[in-house]
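Common to both upcoming complexes is chain A, partnered first by chain B, then by chain C.
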Partner chain A sequence: MSNAQIEIQLIASLVAVACAIPGTFLVLRKMAMISDAISHSILPGIVIGFFMTQDLNSPLLILLAAVTGIVTVVLVEYIQKTGLVKEDTAIGLVFPALFSIGVILIAKNANDIHLDVDAVLLGELAFAPFDRLLIAGADVGPKSLWIIGCILLITIGLLLAFFKEVKISTFDTGLAASLGFSPAIIHYGLMTVSSVTTVGAFDAVGAILVVALMIAPAATAYLLTNNLKRMLIYAICFGVFCAISGYWFAHWLDASIAGSITTMLGFIFLLVYLFAPNKGVIAVLYREKQQRTEVSLLTFLLHLRNHNEEEERHVNHLNEHINWQKVRSKTVLELALKNNMILIDNNIVSLTKKGKDFTSQAIDYIITNEDSKIEHMKDDFFLFRG
Partner chain B sequence: MKGNIAVQVDDLTVAYNYKPVLWDIDLEIPEGVLMAIVGPNGAGKSTLIKSILGILNPIAGSVSIYGKPYEKQRELVAYVPQKGSVDWDFPTTALDVVMMGTYGSLGWIKRPGQKEKKLALEALEKVGMLPFKNRQISQLSGGQQQRIFLARALVQDASIYFMDEPFQGVDATTEIAIINILKELRKANKTVIVVHHDLQTVPEYFDWVTFLNVKKIATGPVKDIFNDDNLTKTYGINYKVSIQE
Partner chain C sequence: MLGSFAVLRKQSLLGDAISHAALPGIAIAFLITGTKDSNILLLGALISGLIGTFWIRGIVKKTHLKSDTALGLILSLFFGFGMLLLTYIQKQPNANQAGLDKYLFGQAATLVESDVWLMSLVTGFCLLVLLLFWKEFKILLFDADYTKTLGFNTTFIDVLITSFIVLAIVLGLQTVGVVLMSAMLLAPAAAARQWTNSLGVMVFLAALFGAFSGVFGTAISASQNNLSTGPVIVIVASVFVLVSFIFSPSRGLLFKQIRFIKNRRDLKLHKTLAFMYHIAKTHDNISHPHTIKILNNFQGFTKRTLQKLVDKQYVTLHGSNWSLTKEGFKTASNLYNQQSDSHE
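So, the complex of A and B:
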C-alpha cells in the first residue's frame, strides 16, 4: 500500500466514526431525515464561507456551514410549529430552498474558481492526499485528515461528557426537562455536532453520502443489540469496516470511492436486516412459524384431552376433525411424538403422562388469563421446539 | 387542612397557539395527601403537571414548591410521565431506565456509579421487578413498564410525586401493587399527585381530589367534594357515581 492509499483509508475511517456517533442518536430520535436536510442546506454556508476565505478547508467555512445547518433545523421546527404542515413536509420545504440559494451563488460568482456543486455534493476522496497541511514548511499530512480528526476528537469528548444527558433526553424528553437537563440545549448541541460533522466530511465523501455514513451504520447496529453503548460501538465498527472495504471495492472496480463505501453500507445493512439473530427478517419469520406450530400442538393436545372416544382420536380422523391439511397434521403429530407427549397405538392417539401434565397446566393458565406463562412452560416440557 | 403547603399554583394560564388550555388556575396542595386530578379529555390535566414541572411555559402565573420556584426545588420532585410518551424500543434495560431517576441528583456530566446502581436495584425490588432488571424494555408487559417508571420515580426519593396516568393499560394486579406503593408514600408524609381517569376508584384510592376542566372546578378532601354536583360541573353531563361506603 502506498502512503496515499493509507491516508485515504484513514480519512474515510475517521469520517465514518465521526458520522456514526451523532447518527446513532439521530436514528433513535427518528430524525434521520434531518441529516439529509442538513447535508443539502449547508451548501450556501460553504459557498459564502468560500467567497470570504478562498479556502475550502478554512475553519470559518466550517463554522458558517454549521450555522446554516442549525438555521435549517430552526426553520423546520418553526414551520412545523405553526401546525400548517407536518414535519416531513417542513423538511422538504426548507432544504431545497437553502440548497438552491447555494446553487445560484455558485453559478453567479464561482464560475472561474475551484468550487462546483459536484465537488461539494459528491466529494472526491481520491484527491484528499494532494491537499497537504504545511506547518512551518513541514508536511504534516493531508488537510482533510486534520480537519476530520479535530471534529472527531471534539465529538468523542462531547459524547464522553454528555452521554447520560443525550441518552435521557433521547429516551424521555419530559423526564429530562423535569430533572433540569434542558432538552432544547441537548437537541441543538446534537444538531450542531451533526452539522459540523457533515461539513467536515463533505470534501472527503461529499455532503450527500455523509447521510449514508450517519444513518446506515446506526440502523444496522440497532438490529443487533438492545444496549445503547453497544449500538454506538457496533455502528462505529460497521462504519469503519465499510469505509475500508468500500475503498478496496472502488480500487478493484476503478470507481468512485464514496459511491463504493455507500454501496458497502447498503450491502451490510441488507445482510444484517435479513440475518440478524433476533430482529432479522428470517429470524422473525422462523419464530412466527415456530409459534404457529406450537399453538397447533397445544390445540391438538387439548383436543386429545377433551375426547376419550376412540373415533375422535384416530390418526386419520384428526386431519378432518381439526381441519388441518395433511402436512401440518403430520408436523404436529411428529412434534408431539418427539416430545413424548403422545402414544400412538393402532392408529389411536392418546396422551402420555407428560402430555397430561402439560395440558392440565396449560388449561390452568388459559383459564386464569395468564397465557404468557405458557411460553415459559414450553422450556420445561419441550425437548424439541416447533 | 393539614400543615404545610407542598405545591402552590397561582393564576396559572397555559395556551397552545393562543388557545388557553388552562385558565387562571389557583391551587394549593397540602403536604402528605394522595390527590387525584380528574377531568374529561382535553381538560388540561397533563398540561397542569407539565407546567408545574417547568416542561411547558405558562403565559401567566406562578408555581412554587414548598414556597420556592420549581427550578430551586427539583430534588424534592419526582415525575412519572405517561407511558406512551416514550419509545419502548429504545435500546436499554429495565435497570438502566430506573438509573435515569438518579441523573437529577448527579447533575450535568457526572456519571452514575455503584451507589446509584444500588439505589436503582432497591427501587426495582420495591416494585417487584428485580427479576427483570436486565430485560430489554420492549420485552416487558404494559404493567411491568409502568412499574419500571414508578421505580424510576422512587429512586429519586422525592417529597412530591407527580404521575401522569400511572394506571393506564395495566392489569388489576399491577394497579393494586401501584396503589399500595402510593399509599405507603403517603404514610411517609410524601405528597402524591396523580392524573386519574377511573372515577369509580377515586374514593377508594385517594384522599384528596381536584376537578379540572380548563378551569379549576373544585379541590379538597374526597369525602367533602367528590359528589355528583362537582362531577356534573366538570364533565358537563348529569354524572352519577355511586360512592360505596
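So, the complex of A and C:
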C-alpha cells in the first residue's frame, strides 16, 4: 500500500464520517432531499467565487459555496411558505434553476479553465493526494485532507456541544421551542453544517457521493436501531467501512472511486433492507404472515365457540364455512392443536378449557377495544406462534 | 404534461430520482450490446428507472424510512453505480463509448430525426392513454380510497401513471440531461397550477408552458455561442414559474400582497370608526361634534382614513371638528357583532 493509497482512504473515511453526522439528522428530520439540492446548487457559488478570486483553492470559494447552499435552503423555505407549492416541489424548482445558472456561467466565461461540470458533480478522489498543502515550503499532506479534517473537527465539536439541543429539536420541535431553544437557529445551524460539509467534501468526492454518504449510512443505521447515539455510531461505521472497501473495489475494477463507494453503500443498504432483524423486508413479511395466521386462529376459535351443533364443527365444514383454502385451515388447525386450544375427536372439533378462556378474553378485548391488551394476552396463551 | 400528476401527487422529486436512476440502465445496456443505438439505451434507462421507482415504493411501504430518504437514497446509489459502470466502460477497449456521458447533461443538438420521431410517437401514445384513462387518473389523484371502493384496480392505474412518468423522463434525458430533467417535469406543472384549479386546464397549460420554454430556450441558446440548450430551457421554465408565482390572479404573491394591504387598511378604518363610536356613545346626540385632535392619540389614524370615512358618509367634517352620521353610528355599533359587507 503506497502512501497515496493510505491518504486516499483516509480522506474517504474522513469524508464519510463528516457526512454521516449531519446526514443522520437530515434523515431524521425528513429533509434528506435538501442535501441533494444543496450539492447541486453550490455550483454557481463556486463559479462566482472563482471569478472573484481566480483561484480554485481559495477558502473564499468554500465560503461562497456554503452561502449559496444556505441561500438554497432559504429560498426553498420561502417558496414553501407562500403556500403555492409543496416543499418537495419547491426543492425541485430551486436547485435545477441555480444549477443551470452555474452551468451557463461556466459555459459563457470559464471555458478555458479547469472548472468542469463533471469535476464538480463527480469529483475525483484519485487526484486528491496530488494537491498538496504547503506551509512554508514544507509538505504537510494533501489539501483536501486538511479541509475535511477541519470541517469534521468543527462538526464534532458542534455535535458534542449541542447534542441535547439538536436531539430535542429534531424529535419534538414544540418542546424545544417551549424550553427556549430557537428551532430556527438549530435548523439553520444544521443547514450551515450540511452546506459546509457538502462543499468541503465535494471537492474530494463529488456532489453525488456527498449525497450518498449523507443519506445512505444514516438510512441504513435507522433500519437497525431507534437510539440516536447508536444510530450515529452505526452510520459512521457504515460510512467508513464503505469508504475503504469501496476504494479497494475501485482499485480492483480500475473504475471511479466515488462510484464504487456509492455502490458499496447501496449494497450494504440492500442487505440491511432485506435482512434487518426488526424492520427489514423479510422480517416485516414474516411478521405480517404471523399476524395473519393469528387473526385466522382467533376467527376460527370464535367460530367454534359460537356453534355447538356438531355439523358446524366438522373439520371439512370449516373449509367451506370460513372460506379458507385447505392449506390455510390446516395450518390454523395445527396451530390450535399445538397450543392445546382445541380437541379433535372423530373429525369434530371442540374447544378445550384453555381455548374457552382465550376466546372469552378475546371477546372482552373486542368489546372494550383496549389496544395494549392483545399482545400481552397472546403471550399468556401462545406457546407456539404461527 | 405528466408533470401535473407528479406535482399533484406530491412526488415532485421522483423525477429527479428517476432521471438519476436511469444512468446505470444506460450503462448496462451499453455494456451488453456494445452499441450506441439510442433505442436500446433508452430501453435500459426505462428498465432501471422503473426498478428505482418500485424500490422507492418498497422502501416507503415496508420500512419506516420516509419518502424523502428513500428518494435521496435511490438517487445517489443508482447514480453512483451508474458512474462506476461508466468509468468502467471508459477503460474498455471500445471506440464506441465516447458520447455516453452526453446523457448526463443532454445535448438537444445531438438529436437526430429518428429520435424526434420516437419522441413524437411516445408523446402521442401518452396523450392517447391519458385521454383514455382520464377519469380514472383524476379520481385516483384526488381520492384514492374512494377509487378503491368504486372497484377500480388502483395498483394498476398507479403503476400506469408511474410508468408513463418514467417513460417521459427517460425520453427527456437526451434533451436536457439527468440533472435538469426534474425541472422540466416540475416547472411547467408548478407554473400551471398557479393559474387554475381544474385538472384539465392545468394539464393543458403545463403542456403549453413546457412547449414554450422548450422553443424559447432553444432559440436563445442557438442565438448565442457556447450556451448549452438544457440549462437555458430550465432557466426559461423557471422564469415562467416565477412570473406565475407573482402575477397569477388568485394565488399570486402580488395580488396576495395587495389583498393583504387592502385588508389591513379596512381594519384600520374599522378601528378608527370603532374609536369614534366609543366617544360618540358617551353623548346623547350621536352627531355631537368633536375635534380631530383627540383622534391623534389613536394609532392608525391618518388624514386619509378620515377622508375615506367621509367618503363613505360615516362621518361629516366641519372645520376641525368631526361628527358621526347616523349611518356611521349604525355600522360602528354592528362592527363587532356581525361581518359587515365592507369586510370582504
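The rule we apply is simple: the second predicted complex is superposed on the first by the 377 of 386 C-alpha atoms of A that agree within 3 Å, B and C clash if a C-alpha of one lies under 4 Å from a C-alpha of the other, contacts with A are read in each partner's own complex, and residues count from 1 in each chain.
Basically, a residue touches a chain if its C-beta (ideal position, glycine included) is under 8 Å from a C-beta of that chain, and two chains touch if they have at least 3 such contacts.
Since the model is a prediction, treat every value here as computed from it, not as a measurement.
Which of chain B and chain C touches more residues of chain A is settled by the count: it is C. Of the two partner chains placed by the overlay, only chain C lies in contact with A:104; chain B stays clear of it. By the touch criterion defined above, A:348 reaches neither chain B nor chain C. In the superposed pair of complexes, A:63 makes contact with neither chain B nor chain C. When the shared chain is aligned, no partner comes close enough to touch A:150: not chain B, not chain C. Of the two partner chains placed by the overlay, chain B and chain C both lie in contact with A:222.
When the two structures are aligned on the shared chain, A:175 is found in touch with chain B, with no touch to chain C.
When both complexes are overlaid on chain A, the residue A:4 reaches neither chain B nor chain C.
By the touch criterion defined above, A:281 lies against chain C but remains apart from chain B after alignment on the C-alpha atoms of chain A. When the shared chain is aligned, chain C comes close enough to touch A:258, but chain B does not.
Residue overlap on chain A between its contacts with chain B in one complex and with chain C in the other: 30, 222. Interface residues of chain C, counted against chain A in their complex, comprise 7, 10-13, 15-16, 20, 58-59, 62-66, 68-73, 75-88, 91, 101, 104-105, 179-180, 182-183, 185-187, 190, 193-194, 226-228, 230-232, 234-235, 238, 241, 245, 251, 253, 256.
Contacts from chain B toward chain A in the complex involve residues 17, 50, 53-55, 71, 74, 77, 79, 81, 85-87, 90-93, 96-97, 100, 103-104, 106-109, 111-112, 136, 138, 141, 152. If you check the complex, the residues on chain A that touch chain B are 28, 30, 83, 161-165, 167-168, 170-175, 177-181, 222, 225-228, 230-231, 372.
The residues of chain A lying in touch with chain C in their complex are 27, 30-33, 35-36, 40, 79, 82, 84-86, 88-89, 91-93, 96-97, 99-101, 103-104, 107-108, 111, 117-118, 121-122, 208-209, 211-212, 214-216, 218-219, 222-223, 250, 253-256, 258-263, 265-266, 269, 273, 279-281, 284-285.
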